[in-house]
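Shared between the two complexes below is chain A, which has chain B as its partner in the first and chain C in the second.
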Partner chain A sequence: MAKIPVSMIVNGEKVGPLEVAEYTSMLDFLHEYLNLTGTKLGCGIGVCHACTIVVEGEDGALEPVRSCINNVGRFNGKVVTTVEGQAELDAAGEVVALSPVQQAFLRNFSFQCGWCTAGFVNGATALIDRLKRDPAPADKVEEVIGEALGEHICRCTGYVRYFRAVREVIESTPGLLKEAE
Partner chain B sequence: MEGFHADRRNFIKLCTVAGITVFAAPALWQMGSARQAQIASDNLNWRGAGPAPAFRSDGISKVTGQKIFGRDFRARDMPGWKQQQHYAFVLRCNRVGRSFNGFDWGQLPAEAQPYVKITARTLAEKQLKLPPFYGEAMLLPEGDSPQYYGHAVAMLLFDDFEKYAAAKQALQFNQQVIRYGDQTPPIERDPYASWRIIRVEGPQGPEGEDLYSPLQDGLFFPSYQDHKAQWPRVANQTGSVSERGIYYAQQIRSQTESEAGSGNWHLVRGEYKTQIVDPMMMEPETANVWFDSDQRTLHVVITCQSPQDFQEFAAHVIAESAFAGKIKNIVVHSSVIGGGFGGKDHSIFPYYGLVAGLFGSAPVRLANNRFEQFQSGLKRHPFHMRNTLAIDKETGKFQSLIAEMQADGGGRQNFSPSIAMVGASAIQSIYYLPRNDISAVANHSMNMDSGSMRGYGTLQTMTAMEMMVNQAAEELGIDPIELRLRNASQTGWRNTQGAIPKVGVRYRELLERARNHPMWRERGERKKAFEREHPGFLFGTGYAIATKDYGTGAAAPSAAIQFDSAGRLSMAVEYMEMGTGISTSQSLLLETVLGRAADHCVVGEVDAWHALQQFQTESPYTMSQQHQDQQSGDPLWTPVTAMASAASMSSYFQSHATQQAAEILLQQGLLPAARRLWKKEDLDGAQVQWRDGKLHHADLPPLALTELAAEAHRNGGVTGAMVHSFNRWEWAEADFELDGQKQAWSIDGLALRRGGTAEKVSADEYQVEKRTAVRYPEAALNNAMVTYYAPTAALVEVAVNAGTGEVRIHGLQNYMDCGRTIVRQLVEGQIEGGVAMGIGHALYEVLPPLAQGAGNGTWNLNRYQVPLAKHVPVWNQQHDILPPASEKDPHKGIAEVVMIPIVAALAEAVYQATGQRFNELPITPEKLHRALNPQVL
Partner chain C sequence: MGKCIVVLLFLLLGGNVAAQSTVEKGRYLAAAGDCVACHTATNGRPFIGGRPFHTPFGTLYSTNITPDKETGIGNYTLEDFAAAMRRGEGAHGNLYPAMPYTSYYLIADEDIASLYTYFMRLPAVEHVVPNNDLFFPANLRFGLSFWDWAFFDKAPLVQPEGKSPEWQRGNYLVNALGHCGECHTPRNFAFAMKRDEKFAGNILEGWDAVDIRAESLRRQGWDRAQLRLLFTTGASERGTAFGEMFSVVKHSLSRLSDDDINAIITYLLDGDDNVAVNGGDSQLAAQQYAQGRADFVAYCAGCHGREGSGVTPVFAPPMDRNAGVRAESPFNMIAVILRGLPAQRMNRTNARAGMPGFHRELDDARVAGLVNFMRSAWGGAETPVTQEKVAEIRHQLRKDDYLGVVE
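Presenting the complex of A and B:
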């Protein structure tokens, strides 16, 4: 098993360098090497998006990436955020403030079992970030949400409350929408 | 992991089975939520300030990715465990029909060698066997032929993750590692069970005595020849149960044919088929098991909907094996479930984890990936039905239903017998049928085993019924809702089993609401307008209604509620959290009785109930009235001590226990304190009420819960109430004598806490109060099969792309009678989830049988299409939840019912759009495309 050195920033903390088997998926790396289990395995083949994490591009833009079909090497040197890094924590690691997306999911009772939640939190967070850079026409909110989150699979609540929550965040955050085209 | 040490004193003794002591560990996820409670600022407090909760009580842990699910926990997360994590991989046969001739271990990479290979021989050497519920051949012995697709043959243990991952990559789709030999004949067995429900209404009509019914006359069973059910043939109106049954069945059949022949009755006759479906819960099954040989203790983390039964079964497995002397204790950690839908209820999976752990030299983690979950997880039973519904042409009233059902249970029995029975007893749906002859056979096959998936047989049979009713309406020229109104059962009328539902039915109200909806009233115009504006699309509207029984006929929920001297409420319920919000809803139930929601709620509590000191004897389903009468003289006897967390059970059954405990705590704890504080000895409990968190009575100064609680604690009064209840379609009632006064409650076990300091409910602070008399529901009610119902209906508009066969849902209106809602947001979430799953069942989800099916190990979500957001009316579905009929209306269980009418309404909408009637599900785009474009090859 060929090994590669891996180092990156995960949730604001420097990780590595660690020697990891070359074909280790990012999901397995998070679980088995970093003990970050908030990112979930759904299908393992990139279909359900439960394992979505967020990677920061060089321009600071956030990209949603499926951690089950991307090997850990792809993330070398990158800045990565998982669901564990989305809320504000105090020095003891306790939650003191939630992100707007997290709050909206709670307020809307978006999830039941919660297995797909991490993927939705990260996917929606990346969408909000994108709209900050590139606002969407106000009459296209539903389409924008559908395009960004339409492949995430949820089995408990039928998507309604996730989409409603994301819409609330988009419509209540200044600058994410522009005039209808 | 604060407050938890691997010290045996922190585990609570649950029971002793054959010399092995079973301990329950504090549920893993509650360590996280307890931590959270300490930091809850206002906007992080789930209860919020309004009448409805601000969010789910488990919401923060889920939205921040905390470790709460069984799959999250590794050895290093478990206090006191050996830190090293080992991994297990199960090898499964992807075929049948040839003998299994051993392995080619040369397929394993040199650097990925397991340190243990467990085979059938290993199990035999150690005398390890599955619990009888699951059958035999946990691992297939060499030389035998696989009994079903996906039959496990070996388990490999690896001492690090990289070896495990490399081996799994090499073996999971490897065709050489399992060697097959000569062709073998198919394995055939007798059916798992057969049922027959025959009823003929008596001269007094729907409410009078029946001429014949299972409730009145009992049940009878077939013999088996060539693995097929042979029902008795002798018919005699005055003979035995079976002879009379056959007599009336023949009467029904001959009358149906003769009335149809003479033109009086219209017959809808058809074959209806449903598919194999995977529950596709998002969290694949996982177990993590550590055999601590030094301490002779087995620690188990499971992702299971029925941990109580696992605990007992696991102890028996060990006790009867060569490990019996090596293991004195089993510690079971249960956790939050990442979806279940019945697929994790009595699944066989945890036993493979258990066995893997027994052979590990460190904690062993067995975790299905999705391919493995498809290959090994429980499925939904496919039903094949031959049905005939007879309708009087003049009145439009249903006259008879003849239904013959075959359900495929797969290679292991699991719950197939009861699923066939429940499916058969549910087919009548909301309708009154004066005559019925319904048979259902649960068959063995070489498919993977099916289990208790959401709907439990009723989805399959009620969908067929609704399809028949829609077809009848069309053929008779009667409006489909009008036809349903003419045939809807009414409160007090008998069902197909001869029993009378225990709750009022509001079918007419549901039907009338839909009849007046513009989607229905204007469906013709809407179709024309849509098709004019969207050439190439076909528009149709469908309606269906269903009523789901809920309950098992032997529900035994427990609940305990207590307050500390500062008035904080802490509660425990037996029911597990499956994601549906039980901890939220049960906590909230306390508000009306005790003035505020619970500050802390333990779900899935297993140990505290030992304070009740109850015991059970025989199966509650088969015990005689005489046995029940004899045993109930012992004030600690109960028909069932604990119940599994089955679907649709919490809102009605668990709520009953919670409310009884709350009432008793009010009467025995808070009211005596109020009497002292108000100096009003003759205070009438019925005259007090909670407003703004304070107890009010006439002009007396309102009392806060804190004051009352402090007073009760000061006086050593009652500060906690623990109850056990039993329901066999009626609640057991018992009398108790407390402080010289006789009290009667709908419970059969009670323990009280006086004073006390423990923050959470703890058995050692509660004293049992023995009942002085008990009234259990009669044993004969077991023949009633089901008598609780929650109805729901759906109106669906579809637009079918005539070229591709794609179905888009244009509009969806749902109607629901769930009695009193506890948390409306949770109910709506349940409805929306049920809608999506119904759409999946109707249009997309299907697994082929046998060799092409999930048992071959190649299935995943790239092939198994579950509904995505684009398939679901995310922005355009409406719910009409009926206001409760009264303040006493029950909280009805609805988790299963919602998806049922969606399926039949969609099938009808597709028919109205395309003119194509499909009686076989799902109606995939491909099927529709072919039907609409017969010229396409």
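Presenting the complex of A and C:
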């Protein structure tokens, strides 16, 4: 099978160039080549969003992308963050501080089995980043969260607590909301 | 005496059964005419109207067609109903030709009567729809009589001799009730169908309502079996119905009898089932469009398969021999890549996942390369698509606000 050279930055570290079979999904690449197993395979057809990771666009904006339906070539040369890259680590790789989104999920008991959590963390992180650049009207918070995360499926039905946690982060972080329109 | 009662009972029952069957026939014809699609707002109650139609002349709202006397059509006689359906003459003045009376004028008297009976038996719902918001001079209804005079061509249905009864039935369903031409026929400056380019395709709401002339359908690889799949399930080996056509399948085509679906197909393919579906040359295409192939592998193959083989028609249809890939016009290929497709539900057991749009990530040159690779590998289209063509379609879609969706 044809291979392609792959290099990118994952969680701040340069990866590659590696020779990877061209049809390898990004999810498999993270699992099998980088040993980053925090990203979960849910449905495998791009519906449940459990496998969502974050990719930095050319303008630095963070975008959520599903890793199960996209092959590794899409991420060549890109800056990628997975759930392993969200917390602040010290030199030894130990967690110093969880991200505000992660903390809020814990505080709100948002998840039970945790399979969808990595996807929610990344999706919510991309949403917060977007609001930093383009604040939402204060009276539209619910719509904004629903539109950004409504496609993420949680079979333990933690939706309400995920929702509450994300709302908490948005409303307690300066600069994410503007006056109601 | 006893005999009389029995006879009377029979008469009453018989009459009731006849009326009931007229209602059921009317319900079926209303499905064939897809009345519900336009006369229902998003998530609204069927037939009470209020769906907005954005036109270059402003916004129109569909009307309440339940038999409410104040806000619906409760005061319509059969003659009033026929005038609205076939001549676009409503109780409140001329109808805008968003109402497809320009096709419905071909509906037979008997069918008009059944439709009337059906609509008059619906529960009456009091519901006032918003006022039309049109610019001058389109807001003046008397101008519509001029439009009708200039553009409403009431030519009778062409019924050539030598065609099978099935073909003739399809002819009637497609042209009269189905009003397919209203979307699939190009329109002139005044939004009237160009009769000499019947079914040649038309850009509507950022999609190409494709060329459905028999020759084009065959070129796109449509045979009886695949068309039947598309019309009954919304998905096929040649691709899925999307945009407004999804709703047509959901509310209209999927509710028609096998006989009528067969008739429609016979008419559309003009009785010729000989479809030679040759693919292209994927080896050559890969050499010629290396970046296009690399992008297919990276962005598309996760769902549409390694050799464009697809997964299932509903989830991710094959690109190999896909009708959109084989179509003469690349519009829909480009528009789908840029816009993506929404998740949609046909019924309890048939739902689709939706497709991300790539307009933010793929520039014009890469979209052109991707389209050219696919057309060359699996479609056999001769003319390559230029970067400028992609730019033009992207510009049009952005201008009309169809490129807002993020993955």
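A few points about this structure:
The rule is simple: the second predicted complex is superposed on the first by the 179 of 181 C-alpha atoms of A that agree within 3 Å, B and C clash if a C-alpha of one lies under 4 Å from a C-alpha of the other, contacts with A are read in each partner's own complex, and residues count from 1 in each chain.
Convention: a contact is a pair of C-beta atoms (placed from the backbone, for glycine too) under 8 Å apart; a residue touches a chain by one contact, two chains touch by 3 or more.
Since this is a predicted model, take the numbers as computed values, not measurements.
Of the two partner chains, neither chain B nor chain C is touched by A:Gly60.
Once the two complexes are overlaid on the shared chain, A:Ile4 sits against chain C while remaining clear of chain B.
In the superposition on chain A, no contact is made by A:Pro174 with either chain B or chain C. In the superposition on chain A, contact of A:Val47 is made with both chain B and chain C. Of the two partner chains placed by the overlay, only chain B lies in contact with A:Ile153; chain C stays clear of it.
After overlaying the two complexes on the shared chain, residue contacts for A:Ile69 are found with chain C alone; chain B is out of touch. Of the two partner chains placed by the overlay, neither chain B nor chain C lies in contact with A:Gly77. When both complexes are overlaid on chain A, the residue A:Tyr23 reaches chain B and chain C alike. Of the two partner chains placed by superposition, only chain B is touched by A:Gln112; chain C is not. Put chain B and chain C next to each other and count what each touches on chain A; the higher total goes to B.
Chain A residues 23, 45, 47, 151 lie at the interface with chain B in one structure and with chain C in the other. Partner chain B is touched in their complex by these residues of chain A: 1, 21, 23-24, 28, 31-32, 35-45, 47-48, 50, 82-84, 86-87, 90, 94-96, 98, 102-103, 105-118, 121, 142, 146, 149-161, 163. Against chain A, the residues of chain C that register as touching in their complex are 294-295, 297-299, 301-303, 306, 311, 315-316, 343, 353, 356, 360, 406-407.
Those residues of chain A whose C-beta lies close enough to touch chain C in the complex are 4, 22-23, 25, 45-47, 57, 63-66, 68-74, 76, 151.
Remark: chain B residues 35-36, 38-39, 41, 43-44, 54-56, 58-60, 62-69, 71-74, 76-77, 85, 111-112, 161-162, 165-166, 169, 280-284, 336-341, 369-371, 578-581, 825-826, 828-830, 832-837, 860-862, 866-870, 872, 874-875, 877 touch chain A in the complex.
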